[in-house]
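Here come two complexes built around chain A, the first alongside chain B, the second alongside chain C.
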Partner chain A sequence: MPNRQSWRAWLLLAPGLATLAVLLLYPLYRVTQLSFQDFGLRELNLGGAAWIGLGNYQQLLEDERLWQIVLPNTVGFAVVNVALTVIFGTLVALLLFRLGPWMRGIVTTAIMAAWAVPAVTGTYAWVFIFDSRRGPAMRLMDWLGLADPDTTNWFDDRLTFFAIATINVVHHGFPFVAVTVLAGLMTVPKDVIEAATIDGANAWRRFWHITFPTLKPVFAVVTILSTIWDFKVFTQIYLMPGGDGLNREVLNLGTWSYITSFGQQEYGLGAALAVMLTAVLLIITVLYLRVIFREEEL
Partner chain B sequence: MTSRTWSGRVLTGVATALILAFTLFPIYLMVSMALDARANDGKRKLLPTDFTLDHFSFVLDEGNFATYLRNSLIVALATVVVSGLLALLAAVAVARFRFRFRTSVLILVLVVQMVPMEALVIPLFVQAKDLHLLDKLLGLVVVYVAFSLPFAIWMLRGFVAAVPKDIEEAAYVDGASWGRMFWTILMPLVAPGLVATSIFSFIVAWNEFIFALTFMSDESRYTAAVGLREFFTAYGNDWGAIMAGSTLITIPVMIFFVVVQRRLSAGLVAGAVKG
Partner chain C sequence: MRLRRLGVGLAVLGLMAPACGGDDGGGQQTLEEESDEITPGDYEGETLDVWIMQGTNPDATPFFDQVSSAFTEQTGADLNVQFVEWANAYDKFTTGIAGGELPDVAEVGTTWTPGFADAGGLVDLTDRIEQAGLTDDVVPELLDTGELDGALYGMPWYSGVRSIVYRTDILAKANVQPPASWDELADACAALKAAEPDMVPFPIAGGSEYGVDPFIWGAGGEIASESGGQWTATLDSQESREGISYYTGLATDGDCSTPQASTWDETDLSEAFSAGDAAMIIAGSWTPKALIEANPDLAGKIGVFPIPGPDGGLSPSFLGGSHMGIFNTTDEDKLELAWHFVEMMTTGEFAKQWAQQTGFFPPESSQLEQMEAADDPLVSPFVTQVLEAGATVPVTPAYSKIQGNATMTAMLNSILTGKASVEEATATATQEMNDVFANG
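Up next is the complex of A and B:
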C-alpha cells in the first residue's frame, strides 16, 4: 500500500515540518530580507522599511573594524578552539580507553558534569577564577610574583580576554569530542592493534596508522560540529566583562550583530552580519553533510 | 588495556588527576562559594571555612530567583512536551515509512539543525513583537521547540529504527491496527529514547540565554539564566549570590545529564556517525 503509507508519513511529519518552516525557514528568509533594508527603531514600531540593496553589506565591508577586529576575532578564535578542543578531547578519550572500568566510570561522570554546565554559569565561574581582585588564578599569579592585581585586568586585553574564553569554551566543548571518540575507539578491532603491537609499532604509530584512519569519519564529524559551535560562540563572549560591547576590541561576528541590532537599534545592519555568519556556517554544514553521506545512505 | 609499565601507570594517574581537576574545578568553586559565608571576602580560602545557606535564601527571597526558576521550569517543561510529541511523530515517519522526498526531509532536518539560533534572533524578535509574544513565556517556548526539534527528530529516528520490524509485523499478524501497534508496541520500546530526547530539549530550554535576554524586558518574566545578571551591579558583584544562583541553575541539569549520559552519547554517536 505505497499510497496509503506515504499519506500517513506526511500526516506524521506535518506538525514538525510546519514548525520548522514557520520558525526556522521563514526567519531565515526574513533575516536576509532585513539585511537589504534600512530597518531601525522607527521601522520596528511603525512597520515599512526602505529597500537599500547592498547598502548594509557595503557599509560593513568598508568598516575597518570588520577586517581588523571582528573577523580575526571570529576566525582566529574558532581555529584555535577547534584545534584545542579536538586534540584535548582525543587525548582524554585515549586516556579513558586505557583506564580500568571503575576509573573510567568516574572520569566519564566528571566529564559529563563539565558538559552539563550551562554556558551562562560556566562563564561566570571562569570570570570569577580570573577576576582581578578575588580570582584564584590572579591570586596564584600574584603569589608567584608574576602579575600585579592592582594594575592587571586580563579582561581588558584582547589576547588574554580570548585566552580566558578559550579555556571556558574548551572546558565546555571537549566532553563531546572525548565521549564520541571513545565510542569510536571501542569499535577499532582489538586484534589489529595487538598484531601491530607485536610487530613493534609504538603507541604514536599505532594511533596514526590504525586508529586515526579507522576513525576518520568520527574525527571529521567532531571537527565540523566543533567548528560550527565555535564560530557562532555568543554567550561565553557576551557575558565576560566588556564582552557585551563595552570593549570594542573583543567583538566577534555574533556579538557585533547582536549589539548593532539591540544596542544601536540598527536591525538591518545587524541582520547583514547575521547573514554573513549564517553563510559561513552553511558552507561548513555542506562539508558536514558530505562527510555523513559518504559514510552511509540515510 | 592497562599500562604494562610502572612509569606508564604513574603517567596515567597524573593525567587522570589533572583532567579531573580541570573538569571539576569550576563546579567545585561554584558550589563551595555558594555555601561559604566568606564568599565575598577577597582573602577567602579555596576550602570554605564558614558554612552557610544564607546566599541561597538571599537569592530566593530577595533576589527574585524563585520567580526566575519557576519561569525557567515552565518554559522548559512546555518545550519538552511539545517538541517530544512533534519529534516522535516525525521520527516514526522517517524511520518507518518509505515515501518520496524522504531523503530530502532528512537533509532538511540536518541542515536546519545547523542554522545558528544567534543569527535568527533579529527576525524572530521582530516576528514575536508583531505577534505580541514579547514578555510572554509562550514566546520562548515556541522558539525553543523550533530549536530543539531538528536534533530531537534526528535522535529519535535512531531509536525508532532500532526497534526490530519483526515485532511490529507480529502485531499486525495478530490483527492489531497501526495505531494500536504504535501505542502498545513501538511506544514502550522507544520510551528510553524519548526520555533522553526530552532531557536534551529540557537542557536547551533551561540553558538558553540570548532569546531569554532579548524577548523579556519585564523582570518578572526573566528566566534563571538571565536573572543571574541582576547580581552584577555597578557597586560590585555579589559573588556569593551569583554562585548560589548558578548552583541552583546548574545542579539539576547536571544530575539529569549524568543519569542519562549513556543513552545520550549512544544517540549522539548513532545520529552523528551512522547517519
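Up next is the complex of A and C:
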C-alpha cells in the first residue's frame, strides 16, 4: 500500500511543515511582497500600499553607497571573519584534542563562556576595551607610546573599526567551530594516524592528508554557518560607536537595511535589501557546497 | 441601549472598511467641541490604557497612583498605565500600529507627533485644545510641533531645552566668565585648556544633532524652509554653513574638543561631565539633577548659561518635549474619557506637580515666567532659553525620517573626523534631506 504509506509520511511531517510555514515561509513571502511595494508607516496603519515593481531594487542598485561602502564592508568583513573564525577554532580544537580530560574540561568551559555571552554584552565589553578615554587597550598603547589617546578615536576609521568588530565576532564565533571540529577529531580513526606517524609523516602532513579530508563535511558545515552569521552581522556593528548610521563609512547590509526600514520607515526598501542579502547568501552557500563536494555526489 | 451598541458597531465597521480598502482619508476620528461634562460613575467598568515614557519622573509610580485614584473618582473608569522605555518606544509604537495593539492615550515625543498623525494614527484634537484656552498661553514651539496640515494632534504636556552646563569651580580656576558671545566661547576653551590640560573644555559630540542646531540658528541659518507646503533643505546656505563651520571649528581648529567626541552622543557627554572629564557641555534642562546623582561631588559646582549668540544675545535652542495624543484605535465612546485624562494630565495641578518632580517645564508660558523669576541657578537660565530663544526642527513627517537616517549627525561626524569639508558635508546632507522631502 504505497499510497497509504506516503499519506502517513505526510501526516507525520505535517506538524513540522506547518511550523515551518508559519515561522519561515510566511515571513519570507511577506518580505518579498513588501520589497515590491512602496510601504511606509502610513501604509502600515491604513493599508493600501502601492505596487512599484522593481522600483525599490532599482533605487538600491543605483545607490553608489551600495557599491562603494555597503557591499565591500559586508563581503570583506565576512571573508576575513570566516577565515579567522575557522582557523582559530580549528587550532583550539587541535589543542583541546591533545589535552588531558581535566585541562580539556577547563579550557572548554572557558571558551563556552565566550560563546554564551550575548552579542550585546560582548560588544559593549569590546567597545569599552578600545574606548579612547578609559579603555585598557588604549592605556596599554599609550604606555607603549604607540597611540595618543588625546588624538585617536579608533571607531572613526573604517579599518580600525572593523578590526575591533572582527576581534569581537571571532571571539564570539570560534567556540562553536572549536567544539564542532573537536567532535569531528574524535571520529578520525586512530590507526590511520598511527600508521602515518610510523611512515614518518609530520603533524602538518597528517593534518592535511588525513584529518582534513576526513573532516571535510564538518568544515563545510562550520564554514557555511559562519559565512551566514558573519554576512548578516548586525548587533555587533550597530552597537559600536558610529555604527548606527552616524559613521557612513562603516555601514553594512545588516545595519543599512535596519536604518532604512526602521529609522526611515521605508519598509519596502528595507525589505528589498533583506531579499538581496538572502539571495547573495543563498548563492554563496550553493557555490561553496559545490566546491566542497565537487568530487562527491550531493 | 441596543441602538447605541449598533451605532458603535457601525462606527467600528466604518473605521475598518477604509483600512482594508486603503482609503487615505479614512479612519480619522476628530474630537469636536465638548458637549457635556463627565460626571462621576459615567464610565463605570471601563478601562483607559495609557503609555507613559519611563525615566522622566524617577518617582512615577506614586504620582500615577494619585492620578489614578483621582481619575476613577471623577469618571468611574480604571486607569491602566504602562511604562515604556524611550529607547525602544518608537519601535513599540510602530509595531503597535502594525498589530493594532495601541493604547488609548499615550505620551508621544514632539518630533514623532506629525509622523504618527500623517500615518493616520492620532485623533484630531484642534477643537479641544482651543476650547481649553491653551492656544494663547502655551509656548508656541510646543504647540506647533503637534501640527499637521493646520490641525493639532498633540496636546503639549511638558518640555525641555538644551543650554550649556558648566563646572563653576573649573571656570573660576581658569578665571573665565560664562561666555556671552561666540568669540568668548572659543577664548574660554583656550583658557580652560591652559588651566586644566587633562580636561576637555567643551566636547563637540558628533552624534548630537541638537548640539549643532543652535549654531545654525544662531548664525541666522535654517535646517530647512517651507514654501507652499514643500520643504527644502537649507544647510548649504551661507548662514547655515557659517554656524556649522564655527561649531565644528571649535573642535577641528580650536581647543574645545577631542577627536574621541566625534562618535559621542548626549549620554557620552553627560558621562564625561559627571566623570570630571569635561568642563562645559550642551545638556538638557532635565540633566543637572542626574549629573549630580551620578557624581555627588559635583553638587554646588554646576552652573548653567544659555547658548550665546554670535555677538551677544542668545542662540536659539531646540525645544523638545512630549505631547499627549489619543490614538485612532480608541473606541468612539471612550474618546471623551480619553480627553478627560489628557486634560487632567496637561493642565492644572497634576501638570504642575509633574514639572516639579521631573525638572521638565510645564507648557504654559505664564507658569514658566514664575519659574524664571524664582531664580534657581540650575533652572532659570534654561527657562530664559525657552522663553527668549526656543526653536524647533522642521515640523513635517519627513523630518523624523531624516533623523532616523542620521543625516545631521553623519554630517557632523564627517566634518569632525576630517573626512569632508564643511562645504562637502553640508552639500551631501542637503541632498540627502531633499531626497526625503521629495519622496515623502
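Note that the second predicted complex is superposed on the first by the 262 of 298 C-alpha atoms of A that agree within 3 Å, B and C clash if a C-alpha of one lies under 4 Å from a C-alpha of the other, contacts with A are read in each partner's own complex, and residues count from 1 in each chain.
Assume a residue touches a chain if its C-beta (ideal position, glycine included) is under 8 Å from a C-beta of that chain, and two chains touch if they have at least 3 such contacts.
The structure displayed is predicted, hence computed values, not measured ones.
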| request: State whether A:A125 touches chain B only (first), chain C only (second), both chains, or neither. | output: first
| query | Looking at the overlay, what does A:R133 touch: chain B (first), chain C (second), both, or neither? | reply | both
| query | When the two structures are overlaid on chain A, which partner does A:R248 contact: first (chain B), second (chain C), both, or neither? | reply | second
| request: Figure out whether A:F176 sits in contact with chain B (first) or chain C (second), or with both, or with neither. | output: first
| Who wins on chain A residues touched, chain B or chain C? | B
| said: Quick one: is A:G89 in contact with chain B, with chain C, with both, or with neither? Answer first, second, both or neither. | reply: neither
| note | In chain A, both chain B and chain C touch residues 44, 133, 262
| said: Residue numbers of chain C touching chain A in their complex, please. | reply: 18-24, 26-27, 91, 94, 97-98, 115-116, 118-121, 206-207, 258-260, 262-264, 272, 277, 400-401, 403-406, 409-410, 413-414, 417, 419, 436, 440
| field | Partner chain C, residues of chain A touching it in the complex | value | 40-49, 132-133, 149-153, 155-156, 241-242, 244-249, 259, 262-266
| List of chain B residues in touch with chain A within their complex | 1-3, 12, 15-16, 19-20, 22-27, 29-30, 33, 40, 42, 44, 46, 85-87, 89-90, 92-94, 96-100, 102-103, 105-112, 114-116, 118-127, 129, 142-143, 145-147, 149-150, 153, 178, 203, 206-207, 209-210, 214, 225, 228, 239, 242-243, 246, 249-250, 253-254, 256-258, 261, 265-266, 268-269, 272-275
| Parts of chain A lying in touch with chain B, wherever the complex brings them together | 2, 5-6, 8-10, 12-13, 15-17, 19-20, 22-28, 30-31, 34, 44, 92, 95, 97-100, 103, 106-122, 124-126, 128-129, 133-134, 136, 171, 175-176, 179-180, 183-184, 217-218, 221, 225, 228, 232, 234-235, 238-239, 254, 257-258, 261-262, 267, 270-271, 274-275, 277-278, 281-282, 284-285, 288-289, 292-293, 295-298
